[in-house]
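Order as written gives the chain letters A, B, C and D; numbering starts at 1 within each chain.
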Amino acid sequence: MSAAGTAMGKPFVVTKYVRFAHCDPAGIIFYPQYFVLAHECKEDWFREGIGYPFERMVTADRRGFPIVKLDAEFVRASRLGEQLSFEVGVRSVGATSLKLSYRCVCGSEERMRMHSVLVMTDLDRNAPVPIPDWLRERLAGFHVGET
Amino acid sequence: MSAAGTAMGKPFVVTKYVRFAHCDPAGIIFYPQYFVLAHECKEDWFREGIGYPFERMVTADRRGFPIVKLDAEFVRASRLGEQLSFEVGVRSVGATSLKLSYRCVCGSEERMRMHSVLVMTDLDRNAPVPIPDWLRERLAGFHVGET
Amino acid sequence: MSAAGTAMGKPFVVTKYVRFAHCDPAGIIFYPQYFVLAHECKEDWFREGIGYPFERMVTADRRGFPIVKLDAEFVRASRLGEQLSFEVGVRSVGATSLKLSYRCVCGSEERMRMHSVLVMTDLDRNAPVPIPDWLRERLAGFHVGET
Amino acid sequence: MSAAGTAMGKPFVVTKYVRFAHCDPAGIIFYPQYFVLAHECKEDWFREGIGYPFERMVTADRRGFPIVKLDAEFVRASRLGEQLSFEVGVRSVGATSLKLSYRCVCGSEERMRMHSVLVMTDLDRNAPVPIPDWLRERLAGFHVGET
């Protein structure tokens, strides 16, 4: 048990190639593409880790998790063809909000770290909605605490 | 009058910079970005030339113009910071379809040519709809014939 | 043997999800993203099928395969979360040029077809170079003829 | 004079449309596209405000300003066709680093705020280089202090 009384889980891990489309004229990832990749990882995590694919959430249930806040550090540049490993973990789950952390490494070398805050939203009313208990339970398995 | 009895108009012209985000590790436009740029030009044309902005068409009227066919030639590479001039013209207007031609030049040097075929669509029913007469009339002003 | 005396091979096949980043406000793939996906498939093919990863070709050998011509048909719309199967095949190999065909299906439903013509290029001199014999031999294994 | 003894300047302001390519299936800007737009604004600022276009910096002088850190708040969603106004200002200039702030509004409504830290880099050696005095002087005109 952590100090906060929440059992720890472990992050979802997925690997991605640095693609031609990600790279800029300097031959390295154009930084907004890190966020495109991080979103892909979140989709993979919801599909394979959480069992709630985005198409069910967005298209069928009309729910979304828009981002309201993020901070990121770009530790070292990533280059065409490198295989990056992304770890996605849950920092905390509020009534309607979800705090995530991402870490991106290439081998043992850290490349990028990100914290983000998302809010579960009714896409039709464009208003926050409570995170349902069944989703809260599944998210708990990926709880990594404040990182 | 052209052979087909349609008076000729002239293409809509707009300039775009080659942005950092468009360029690949070889320092030239990554070719899918030509299509992103061509779509931007089409949005500018609908807003400024046709007087029917995409947000009114897509968001309010739930109409779209998905592409069903295109061919393109990439004549010469375009580089970071160059100012490209795009010409968008109408080749013909059918009951539900619209044939366009694009030409992209940098100064006097041709860079890209594209032909595309679009179909006006009801986005909610995902079905073709007739192009309304008022739109047909506005499109006629940009008629350039088969190019 | 085909009429042209070239033994037939078979296409490289790879699957891709329709990602959130690919979709437009109409909820379907924004068409330039098909070309981004097709490029990803070409990278996968060069890495896994041909054994000549893009980072070796572009970064180490300073060779590229810019596209000079393409035509594409968008048969049906693809939606968020769908799993698309791309087939990449070789139509023919010239002295410096390579003709490819792509076919994208979802289950048994065809979504997109594309033909492209590429030219092998010295990226530093920006000039065509002959396709080396060892690469020509590897490409032959994916020969599908004119499609 | 500010407390730090630096005269205040004013931010560079530029407007951008929310394009079809920026929007997601929920009909709002896909958040990584805010960073693509912010980079466009930085390019416009360097070209029109600073007088040092990116193509001269990157292509000719082989200098870049990779981002090492950022934080951002997404205050309200932005929708297709809206005209966004971006303000780019300098928070401070160090030996090799540059701290910027971005603010994006639509009319009087705030949409996004970002702070970023960049480091001037020799792209060939991939190492930090001092910001030259002439550039430092030009940057001073856009000094907005800590925001």
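Observations on the structure shown:
Rule of thumb we're sticking to: contacts are C-beta pairs under 8 Å (C-beta built on N, C-alpha and C of every residue); 3 or more make two chains touch, one makes a residue touch a chain.
None of the values given here were measured: they were computed from a predicted structure.
The rotation relating chain C to chain D, fitted on Cα atoms, comes to 180°, given as a multiple of 5.
Comparing the CA-atom centres of all chains against that of chain B, the greatest distance is found for A.
Averaged C-alpha coordinates give centres for chain C and chain D that are 36 Å from one another. Distance from the chain A centre to the chain C centre is 30 Å, each centre being the mean of its Cα atoms. Chain A and chain D have Cα centroids separated by 25 Å. Counting partner chains per residue, chain C has residues 20-21, 25, 27, 30, 32, 36, 39, 58-59, 80 touching two or more of them.
Chain C meets chain A in the complex at residues 17, 19-21, 27, 36, 39-40, 43, 47, 53-56, 58-59, 79-82.
On chain B, the positions that touch chain C within their shared complex are 25-26, 28, 30-33, 35-36, 39, 58-59, 64, 66-74, 77, 123, 126. Touching chain A in their complex are the following residues of chain B: 20-21, 23-25, 27, 30, 32, 80.
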